[in-house]
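There are two complexes below, and they share chain A, which is joined by chain B in the first and by chain C in the second.
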Partner chain A sequence: MGRLLTYSDKNTWIHRLCGVTKMVFFILWSIVGMITYDTRILLFMFVSSLLLFAMSKTEYHQVATVLKVILFFLLINVVAIFFFSPYQGTKIYGTRSDLLHLAGYYTFTKEQLFYELNIILKYFTVIPVALMFIVTTNPSEFAASLSKLGVKYSIGYSIAIALRYIPDIQKNFQEIKTAQEARGIDMSKNVKLIPRIKNIIAIIFPLIFSSLERIDTISNAMELRGFGKHKKRTWYSERAFQLSDYITIAFILLFSILAMVITFYDGSRFYNPFIILSFIL
Partner chain B sequence: MKKEIIQFTDFTFKYRTQKRPTLKNINLTIYEGEKVLIVGPSGSGKSTLVHCINGLIPNSYEGEIEGSVLIGDKNPAKAGIFGISQVVGTVMQDTDSQFIGLTVGEDIAFAMENDCVPQDNMKDTVKKCASLVGVDSLLEHAPSALSGGQKQRVAIAGIMTNDADILLFDEPLANLDPATGKYAIELIDEIHHTTNKTIVIIEHRLEDVLHRPVDRIVVIGDGTILADTTPDELLSLSTLKENGIREPLYIAAIKYAGAIIKPNDHPSDIHSINLQYNKDKVKSWYQSIEKTEPAMDTEELLSIQNLTFSYEEEEPVLSDISFSIQKGEMISIVGRNGAGKTTLSKLICGFIRPKAGTITYKGVDMAGESIAQRAEKIGLVMQNPNQMISKPMIFDEVALGLRTRGYEESAVKEKVEHALTVCGLYPFRNWPISALSFGQKKRVTIASILVLEPEILILDEPTAGQDFKHYTEIMKFLEGLNKELGITIIMITHDMHLMLEYTNHTIVISAGTLLANDRPAKILTTPKIVEEANLKVTSLYYLAEACQITDTTGFAESFIQYDRKVNQ
Partner chain C sequence: MKKFTIRSVVAIGIGTALYIVLSLVSIPLAFIPNTAIQPRAALLALLAAIFGPIVGGAVGLLGHILADAFQYGGVWWSWVFPDAVFGILAGIFASKYQIEKGGFATKQIVLFNAVQIVANALAWIVLAPILDIVIYAEPANKVFTQGAFAFLGNIITIGILGTLLAVAYTKVKASSSSLDRED
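Entry: the complex of A and B
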């Protein structure tokens, strides 16, 4: 039973960073990744996010399922762009070099290929960082960080406790699945997709009910131990800002500014190899 | 003169959603430093009383209050939950779901975090409280990775941090195996001695709590206090039995023998009870019971040979298990938490596949059969009915297994109605499941398995969390299925009364191996097995010893036989 997308306690410098640092990094990194179409910057970000991912010692199985889902949506996204606007690339880069005529309105151009490659690259600059943020950040420490930033602690705590219960819900799901299988409700791959989905829905109902039961107990337990007593609270797992946090934040700020400057230097978000090429030729 | 710390005066409480009061005219005083046990059947108002002490009533559960209650010097309605939590620390029944922190250390610190204690002080206090209950080496662990006993220790450490004067234990034994339960009672006693705090324990397993002395026992029934006296006094009376609370087995045996128990014989402790006048009576009572050997069918139904299982590359969870089950048996599988009992049941049902060994059903190897095929022979009922119920209406829930198998609706109706009748649920067939009690829900889940007409029923902890009355109800029902329909019943349990009273064959699993395969009375009177499997020697064994009866197993069996005849 793999635990998906939950915090795992490993001792790398990324794990030791404050939650706030990682969140600031993640947000700025994503914003840059979303704004820029500068292929050079995207390539740099892609390579560095893979490096960071490796440094965090995150294993593939920790994120495999989520990754597959994201890749599935990426595929839909890429196909849909071509389907609805096959000449977006030509429009952006101002040239048109046909590669392959498909049918009727649809021709595959170098510009479109380049444009969509950029989109895929954008996904891949953000995905590793996002996944890593989740599996390397201790939920409680993250809640503590949020409250340091001025977010109400009840909100931060709700997020933390939701993250904290992901493995419990997964375990519960497995147990319920087992019970239903015993009654002959097959959820294995032997069953066709539609009845299989129907059978899986049969699990959701008991899952909700046992979770509600659980919520009642936990909220009583929290109240009995004084949660919500004061406007503020202290945090056992709070981490003080360290040198590495300052360095990381300085780096991401600097990088964001630099990336924006490079991106908008020529007045367009798009890095255009076609004009440069035609200029040279 | 001792100071009062909990004081109910003419106290009546009615939940807003209910017509009649749950607690009626309660007068109860508990003094500083006392250790008090509160017993009572489910629905007696026991849990309501707990909520009145820790302030959940009237702050979280609304209702009408008459009379007064003082906790410490505070009125819960005015002080609020937070005010009361300074005075009362509660260890809840289900330690598993009351953990909030991600690590043990964080969970222990939770109350201090809410009190804005600075981090440095907090870390010191956590260390101090953790070492007090012996979990200081586990601070970095996730609570969910601990054993049942360790979890309870963590929960206790968590309420020790704010130095509350009263420690309230709500059914501390509910989820523990017998030996771990024994340690829990010893730990509570130790805390009582070292800190001199006031201890209130709510529990229906009287005999297990009395493993260590308590100052007073309060018996609650139907919202009123039925008795409030010393354990020695209470055990001499018949209050317990009359109100559906199980007496300690040795007390029941002495009473069956026609002997009179006097408070100054010190009956609350089996090891120091004075039997001088009663010894001979017990002895002659034992000799007067005619032993009837139950006739056993010898048709082999399920045979397990050299079964071994492990997850991936890890150490085997089960190794080389062999035993066989005869048709019509009632069997208990026991052993400490994590011994491999649940794994065994999963192997039998086919959810997981063995590394080695075979499981044969009526002489045919089941290795090639799917889960669904096996489900028609062997049904599994899980501990928590909420984990099984997936339809809002009773009829649909029971029909689910048949409908997925593609039965005609007319056949479904006939089979479902039959299963509901067997389970005593026919009158409720058109009810929503949400209207049922816990025990009734349990029956719905059993009906939904029975409808597939299995010959073997495996139940995981069928009576967990049930009081004596509901326990008896469920067990009588299962016994009926066994006797009348000839269904073989396998129960995974921690409850030694259940094992002794209702099963004729016990399989003990310890650390993944088969430790014993024998009659339950034999197992519970063999200290070596008992110790290895985290069980507890039955008090009947000590009584037999004290009365110089050499056949301790025979004594335990005779007692059960007599007890069942009396209670029929």
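Entry: the complex of A and C
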């Protein structure tokens, strides 16, 4: 069973920002990181996301498990790209400079190296910001502040319920798992495939059915209290926008526009050092 | 189509939480590389089949975003949208399955599985690889191979686990509402 990232309460300016401000920042940041292949922008984003990460006083052990999983997937992905398409870089940058001939079809080129470095960089521009967004944002405050963006409160409430019930359902899962293990039902990889599927069924079926029952209990309770009667509602953990929120949003908007202009200035989303190099040489 | 009721609000919330918790459970299929039985896919199909396309789509979207974020700290958008599309498609015939009325029998099982196979094909063989190429500029043959494996893993998971879940749930529901009034 893996571990999930959780919010931890600290007092830094990043923690004090509105949940929505951080979400807007995170979304625009990852969209820019997704679109651009401009190495200069990616480098800038990488360095500044590390700075922000340090400012949020997030400690390494909070994110260590998750970070290892990410790095593992990143490694697999980078190797897979080379395996499936060793000349993707050559295709993108339009030149070919061989570094090392491996075997048969596979040659390692400078362009491929550069392309894959960009991909790794893309991951690293988003990872610190994403991790930080989760460990610094109070879930209930976040759900409450969604209404500021004009999101209907029933949707905000769905998200609030989801975030509120993750720990409960996780606990429920552990209880059922322990109870079934006491009866000799094991879902670990020590068991063969078919019995393992059967054992998993013995654990997740009660979990899913009890949760479906929960849906009825909660919706009846909400109905009794008149949920959805009015167009607006108030939130217990809502936080008002402050100067730092406006500054953050202004910054990320400006940055996104600037980054897009620089990226597409020469008509391609890829920053191409090889053409420039061939001019010089 | 059903209205967006309080029950849908709660179903989206609890369904999403359940989807995220189940994301931590998966069994790799040794005989097909890169493919795993993911109970969360079966859950998504079940929720869509019970509550309809809105709940299905919302749980697919929110669940995948949050599960990605809590597990990896990043969101792989090109695989988020296919899950949402799958949830919507799987829920289109929700009223025909009659799971909550205890009517999920052979005919419904066939329809449920036909729909899930078509929906999975659209989501993972068509949509996910295309988004991977458009958004992340990844090599085409890599993403189509990945998509094909995801498709296989999901139709197996939903075919077995999803069908069993729906059959079991319809029995629970039938027994609780099959009381006859005595004359």
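The definition used in the following text is that the second predicted complex is superposed on the first by the 243 of 281 C-alpha atoms of A that agree within 3 Å, B and C clash if a C-alpha of one lies under 4 Å from a C-alpha of the other, contacts with A are read in each partner's own complex, and residues count from 1 in each chain.
One rule holds for everything that comes next: contacts are C-beta pairs under 8 Å (C-beta built on N, C-alpha and C of every residue); 3 or more make two chains touch, one makes a residue touch a chain.
All figures in this text were calculated on a predicted structure; none of them were measured in a lab.
Participant: Thinking of the overlay built on chain A, is A:Ile185 touched by chain B (first), by chain C (second), by both, or by neither?
Facilitator: first
Participant: Using the superposition on chain A described above, determine whether A:Ser237 touches chain B (first), chain C (second), both, or neither.
Facilitator: So A:Ser237 only meets chain B here.
Participant: In the overlay, answer first, second, both or neither for which of chain B and chain C A:Ile161 touches.
Facilitator: A:Ile161 contacts both chain B and chain C.
Participant: A:Ile218 in the overlay: touching chain B, chain C, both, or neither? Say first, second, both or neither.
Facilitator: It touches chain B and chain C both.
Participant: One more residue to check, A:Lys10. First (chain B), second (chain C), both or neither?
Facilitator: Once the two structures are laid over each other on A, A:Lys10 reaches no partner at all.
Participant: Which partner does A:Arg196 contact after superposing on A: first (chain B), second (chain C), both, neither?
Facilitator: Once the two structures are laid over each other on A, A:Arg196 reaches chain C alone.
Participant: One more residue to check, A:Ser140. First (chain B), second (chain C), both or neither?
Facilitator: first
Participant: Given the touch rule stated above, what does A:Phe227 touch, chain B (first), chain C (second), both, or neither?
Facilitator: both
Participant: Between chain B and chain C, whom does A:Met34 touch in the aligned arrangement: first, second, both, or neither?
Facilitator: second
Participant: Under the stated touch criterion, name the partner, chain B or chain C, that contacts more residues in chain A.
Facilitator: The partner that reaches more residues of chain A in the superposed model: C.
Participant: Let me check the overlay on chain A: which residues of chain A are in contact with chain B and also with chain C?
Facilitator: Dual-contact residues (chain A): 160-161, 164, 168, 205, 209, 214, 218, 222-223, 227-228.
Participant: If you look only at chain A, which of its residues touch chain C in the complex?
Facilitator: Going by the criterion above, the answer is residues 1-2, 4-5, 30, 34-35, 37, 63, 66-67, 69-70, 73, 80-81, 83-85, 88, 92, 119, 123, 126-127, 130-131, 133-134, 154, 157-166, 168-170, 173, 187, 189, 193, 196-197, 200-201, 204-205, 207-209, 211-212, 214-216, 218-219, 222-223, 227-228, 269.
Participant: Of all residues in chain B, which touch chain A in the complex?
Facilitator: Touching chain A from chain B are residues 54-56, 60, 81-82, 85, 90, 92, 94, 97-98, 100-103, 105-106, 109-119, 122-123, 126, 140, 144, 158-159, 162, 346, 349, 351, 370-372, 375-376, 379-380, 382, 384, 386-392, 400-401, 404-405, 448-449, 452.
Participant: Taking the complex as given, what residues does chain A use to touch chain B?
Facilitator: My answer: residues 7, 9, 138-140, 160-161, 164, 167-168, 172, 175-176, 178-186, 190, 199, 202-203, 205-206, 209-210, 213-214, 217-218, 220-230, 232-238.
Participant: Over in the complex, which chain C residues touch chain A? Could you list them?
Facilitator: It is residues 4-7, 9-18, 20-22, 24-25, 27, 29-30, 37, 39, 43, 46, 50, 58, 62-63, 66, 69-75, 77, 135-142, 145, 160-161, 164-165, 168-169, 172 of chain C that touch chain A.
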